[in-house]
Amino acid sequence: MKLAILLAATLLSAQTKPRARDLGIAFEGTPGKLNSVTDVPGVEVGHATLNRGAAKEAVRTGVTVVWPRGRANPEAAFSGWYSLNGNGEMTGTTWLEESGFLESPVMITNTHSVGVVRDAFIAWNVEQAKKGAGGGLNAWGLPVVAETYDGFLNDINGFHVKPGDVAFALENAKGGPVAEGNVGGGTGMTCYGFKGGIGTSSRIVGGYTVGALVQCNCGRRNQLMITGVPVGREISDNLPFTPKPTASVRVPGIHEDLGSIIIVVATDAPLLPHQLKRLARRAAMGLARTGSTSGNGSGDIFIAFSTANQGAAAESGVTAISWLPNGDLTPFFDATVQATEEAIVNALVAAETMVGINGNTVPALPTDQLRAILTKYNRLAR
Amino acid sequence: MKLAILLAATLLSAQTKPRARDLGIAFEGTPGKLNSVTDVPGVEVGHATLNRGAAKEAVRTGVTVVWPRGRANPEAAFSGWYSLNGNGEMTGTTWLEESGFLESPVMITNTHSVGVVRDAFIAWNVEQAKKGAGGGLNAWGLPVVAETYDGFLNDINGFHVKPGDVAFALENAKGGPVAEGNVGGGTGMTCYGFKGGIGTSSRIVGGYTVGALVQCNCGRRNQLMITGVPVGREISDNLPFTPKPTASVRVPGIHEDLGSIIIVVATDAPLLPHQLKRLARRAAMGLARTGSTSGNGSGDIFIAFSTANQGAAAESGVTAISWLPNGDLTPFFDATVQATEEAIVNALVAAETMVGINGNTVPALPTDQLRAILTKYNRLAR
Amino acid sequence: MKLAILLAATLLSAQTKPRARDLGIAFEGTPGKLNSVTDVPGVEVGHATLNRGAAKEAVRTGVTVVWPRGRANPEAAFSGWYSLNGNGEMTGTTWLEESGFLESPVMITNTHSVGVVRDAFIAWNVEQAKKGAGGGLNAWGLPVVAETYDGFLNDINGFHVKPGDVAFALENAKGGPVAEGNVGGGTGMTCYGFKGGIGTSSRIVGGYTVGALVQCNCGRRNQLMITGVPVGREISDNLPFTPKPTASVRVPGIHEDLGSIIIVVATDAPLLPHQLKRLARRAAMGLARTGSTSGNGSGDIFIAFSTANQGAAAESGVTAISWLPNGDLTPFFDATVQATEEAIVNALVAAETMVGINGNTVPALPTDQLRAILTKYNRLAR
Amino acid sequence: MKLAILLAATLLSAQTKPRARDLGIAFEGTPGKLNSVTDVPGVEVGHATLNRGAAKEAVRTGVTVVWPRGRANPEAAFSGWYSLNGNGEMTGTTWLEESGFLESPVMITNTHSVGVVRDAFIAWNVEQAKKGAGGGLNAWGLPVVAETYDGFLNDINGFHVKPGDVAFALENAKGGPVAEGNVGGGTGMTCYGFKGGIGTSSRIVGGYTVGALVQCNCGRRNQLMITGVPVGREISDNLPFTPKPTASVRVPGIHEDLGSIIIVVATDAPLLPHQLKRLARRAAMGLARTGSTSGNGSGDIFIAFSTANQGAAAESGVTAISWLPNGDLTPFFDATVQATEEAIVNALVAAETMVGINGNTVPALPTDQLRAILTKYNRLAR
């Protein structure tokens, strides 16, 4: 059966590696059809992946874009956010908090490219408005752009992300299977001392879906837990390395102060802004299940949005909306925790070993070894 | 015409003094019929006033209760809150913030009686449930109880507020004109070095009403501004006094560290929790117009609720609600600022000179002198 | 060696059951001497345990008090707090947030007794001041009182906690070993469908200590994880039960909406208020490791304080203090997560089966079965 | 005497217009020597002013930079922030909130140039590090960049702010008198329907200074109050105008939804992060005194920092710092409110009439008329 799943995965996307669940990891809950944030109807994901050059000129970075309602429908979506450890950037959050709305796609890149992505989105949006396309977005914009730091593998001070890359990610976003691992904003990221990057997962809650997408770049090796098993402590070798270690080179997964994780939670359940903040807060609990304690240097910032209530962002006048009362939320909290946990593991399983700037190298999580460890702890799904 | 207004005021309530507006003070905006928080349909206010004894046994305190939907309808109301300077207590706010709901009346008392009011409300509520009355409230409760400090006039360490007083305020709440000044929780309060207490006001916004009720106990004399006129600096005598000043007696209005103000904002506009928080934040701007800078010792805590969306607090299942988009909110912000400002001045105008514990005395704002000062600054309404 | 530990534990306290670590559970990190919040020098804990009567008159409740600097030193301590899911009460937090100080002990009781504990502390404090004892506390008080709901076992609407019980807990607080399980505020609590209550643990970080004390009353049975092992799913029988189930009786550990956990984190490291908030936020990650997703009905509220910087709460004048820069905090985050996780398990291991109101019963966690399950998953410490 | 003051002002700076205080406006409190944020020792301000072209190509924008400790000392400063109405952007605030530190200068520009300013600062900083200059800043950066919207006068979608402009403002920052009005980030701003922009003021508090700098672009004409006098209602003509009004052109000061104000509060008093947040919150009260109710469309975001505690941002190890207890803060709150109020009026008085994009025009506040109105209300200082 696993072969069939692998085959299906191959047909669905360019992604040829199995996903975490295919390895027999026993996650809780019921995923959606694609086990992806795109199981939430309307959500589209686009990547611009910059992976070229070597040695001093290694470019290992990009942009990942999540459109709440798809590129063709820029209407705002109810949203909430939470900063578990704010050693990072997510622009646009003061207005998101005030208004209750996400008024742009969520865009994720590297730390030093947040500005170019932000302004490029505004310029792109102005162009769309001139063409009569898009529309619906405000004349001025406060877009949401987040980041994690890829300077161990990427020439981050080369400022390689350009406006055209942002436009590419925006315009090539689509539903369906989402490429994971070394793609988009996640191209050069490191997670628990293994190659990290983009991962996604979803859960079904009654007639609704909760999806998560992560750009994971956090954690120390010895912290990594997968379904409760201390995988990181079992693989104490095979660490990221730098050919010429110096005091100024901090190795992610070993030196604790590098890292960060951005988590995007999407749902089609009709939740209000203050409820979506509750979902965002649960992403921290999914992260905790993978072993992180959210170290001082980690920018762990989470955002949740609902694609329901199309039309709520009217300019004026009483508007009818719907909501799910607080008493119904616990299964959505469970789903957020579970989808976040699995999305992180999916990123680790999908990412491949990468050699980056100055020959710095981060190994992929060895999946055979992972299976052996899960077996040792009697935690491999039958 | 002023006589006619005074007459109307007399007929409407036992309150025989004119209100601020009757004195010719030129407030902005259009008040509701009663210029009171009870102009918001359904809102009921109840006072238990404890004013007895003298010298060491002076009891000058009480409880004021604001029922969002009236006593007969205990259903929760969407709500938000804001702490401008948290040197005070408002219980129940973590759940209010989390759930978006106010699930009890707002109850206001003195600093040392918050506990008895809180538990007494729960006990009263349990009794109501046994009688089959009320109902609708949760089996366990996290009621909202706030306070300001009346120890300059009241024997606060005598703990004179009793469960029966809480029940009295709850059960005798009603719509219509609201007694102001030395009543309920405001009985022993001091504001800008004059006798303060309870005040209320309202504004009309389109088809909606915004009302404010304050328990004001804040500010130094020289700060007091009324419609922009530096009234406090013009009345530098006539200060609160204590017959036997000692180092341990701090005189409100002179020693800056006493004080506090609780502001309750009500509206029938269909606002969501995150929007009501925005209203609560504007109460600070209304307070600022009366001269306060929210000193370190002042517990300036504000709550706003909406009586719309009856039925939103369903236990389970998608519920249809309505809301007013953010683009329509500015007039509600204006109204909150204006109603807060006028409610504070109403409290000052209504309150009468009080002699309290140990002969401590706080003078009423002299309204003739106030009119003369407003005339001097060309600010008396024609 | 385990026998020696058991013996030591017996000598140190009346607590005759082994603690979680004695059972061979492989927690991370290095605990302090007592593996208790009282390893932080100065911290004292007091319990008033009310456990009497049966059937309709079963009293199963109490008060637990944590004095930051011990009863003899009421000086304020730098502090921060965090509400993971605010379906609960913690009074005093607006001032704690504003001032950065915890100005009272942390007191924990049942949901319907928060008020009596609050006012009783103020009255007790007034008495102390009259006696010339204590002192240092403000003339008026905004004490910190938190709660979890024990109505499944306790006659909560009998309001059995009295001022004398509060005084008892305050006056009998001490350092040294802390009684765990069915004691103090934790007497009637249920956690993951097992008997819960008070638990504590500590970690050493360099020359400092981080301690945690929990009053745990949260979680559904099938969520319980211990060091990553799905213990709750392995023990699907042996649930809490009620002799006469009715629609209105909600069984904790099964019906998700009951529950809550209060977590107190203490340290002697010189951390500032905004850093202590960071510690409080990590308590959520320790909780997550035991399986909770912080359901809608759970009041999960955390507080952290530092006993360093004695003298910082001066009335006036520039004061010299010390602090540990942010770059040093990660090990304290690790310690908070680890101590929280172990404190919860300690509460479960210490608590004994209890029969409460109306014969409602909550079973103790069966420790033999627990060891067998840990063995099955190869997670028992050697 | 006024001539002498004018002469002094001329000698001190290129600014030839009198400042608000020179007109006889009776502000409260005692300003520092320059009545400027640069009265706080170490603070330096730099402007890049882009004012060129006309009609469709009118560039009316720029960048203003506030270095907390001067350009030569990039060490972080304790800081806090507050969003009164988050319809705007201030990057870097999640880390500021988490860490308690401002790690970059505060940079202010137009809404569509936040990104370029952010990334340009990082690139500039990287260059400085390469040169061995600057230093002390983190290898990666989360700079603080804020904005207000100048699209009524400026070709905002031309994206005219370039990295070189950012470098110019950074490198030409200096202490001493600060140019006000149509300069730097304030070049194209409108405030209460008059030309706005940059303004500054300061207050002395004991041996300390509190300074404020605003980029003001907020408010409707009829709201404007100056020292309590309803100036805006007295000048109902002389409004901003557009030669070709269309539905899509929103005129600031008339249509309420344009606007915003950024307020920077600086002090040399040794305040901790949570105390600086308290100062930031008071900026709202200073703004309120000028008439604003912080309309929905206004991005009113405030930041406060302290230049004391040089060395506190150590990488590691216990560090001795000092602080001023909460009981001493009230005069700092007063000073923040007063300096904010005066800085806004200073911006209005300094700014000159501007013709911008498409001939859109915003008039300067007519100072003769202002003096006449203040006289009418008996509020001109003698």
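We just call them A, B, C and D in the order they show up, numbering each chain from 1.
One rule holds in what follows: contacts are C-beta pairs under 8 Å (C-beta built on N, C-alpha and C of every residue); 3 or more make two chains touch, one makes a residue touch a chain.
If you're wondering where the values come from, they're calculated on a predicted model, not measured in any experiment.
J.: Counting C-beta pairs in contact, which chain pair has more, A-D or A-B?
T.: It is A-D, judged by the count of C-beta pairs in contact.
J.: So which chain is farthest from chain C, going by the mean of the CA atoms in each chain?
T.: The most distant chain relative to chain C turns out to be D.
J.: Over half of interface residue numbers shared between chain C and chain D means same, under half means different, so which is it?
T.: same
J.: Suppose each chain is reduced to the average of its Cα coordinates; what separation in Å results between chain A and chain D?
T.: 36
J.: Rounded to the nearest whole Å, what is the centre-to-centre distance of chain A and chain B, using the mean of the C-alpha atoms as each centre?
T.: The answer is 47 Å.
J.: At least two other chains touched by the same residue of chain B: list those residues.
T.: Chain B, residues with two or more chain partners: 85, 97-99, 278, 326-328.
J.: Under the touch definition given earlier, write down the residues of chain B that touch chain D in their complex.
T.: 84-85, 225, 227-230, 256-257, 278, 281-282, 284-289, 292-297, 326-330, 333-334, 336-337, 376-379
J.: Touching residues of chain B toward chain A in the complex: what are they?
T.: 97-101, 270, 272-275, 278, 312-328
J.: Within the complex, which stretch of chain C touches chain B?
T.: Residues in contact with chain B: 83, 85-99, 111-120, 122-123, 126, 139-142, 145, 149, 151, 156-157, 159, 248, 299, 301.
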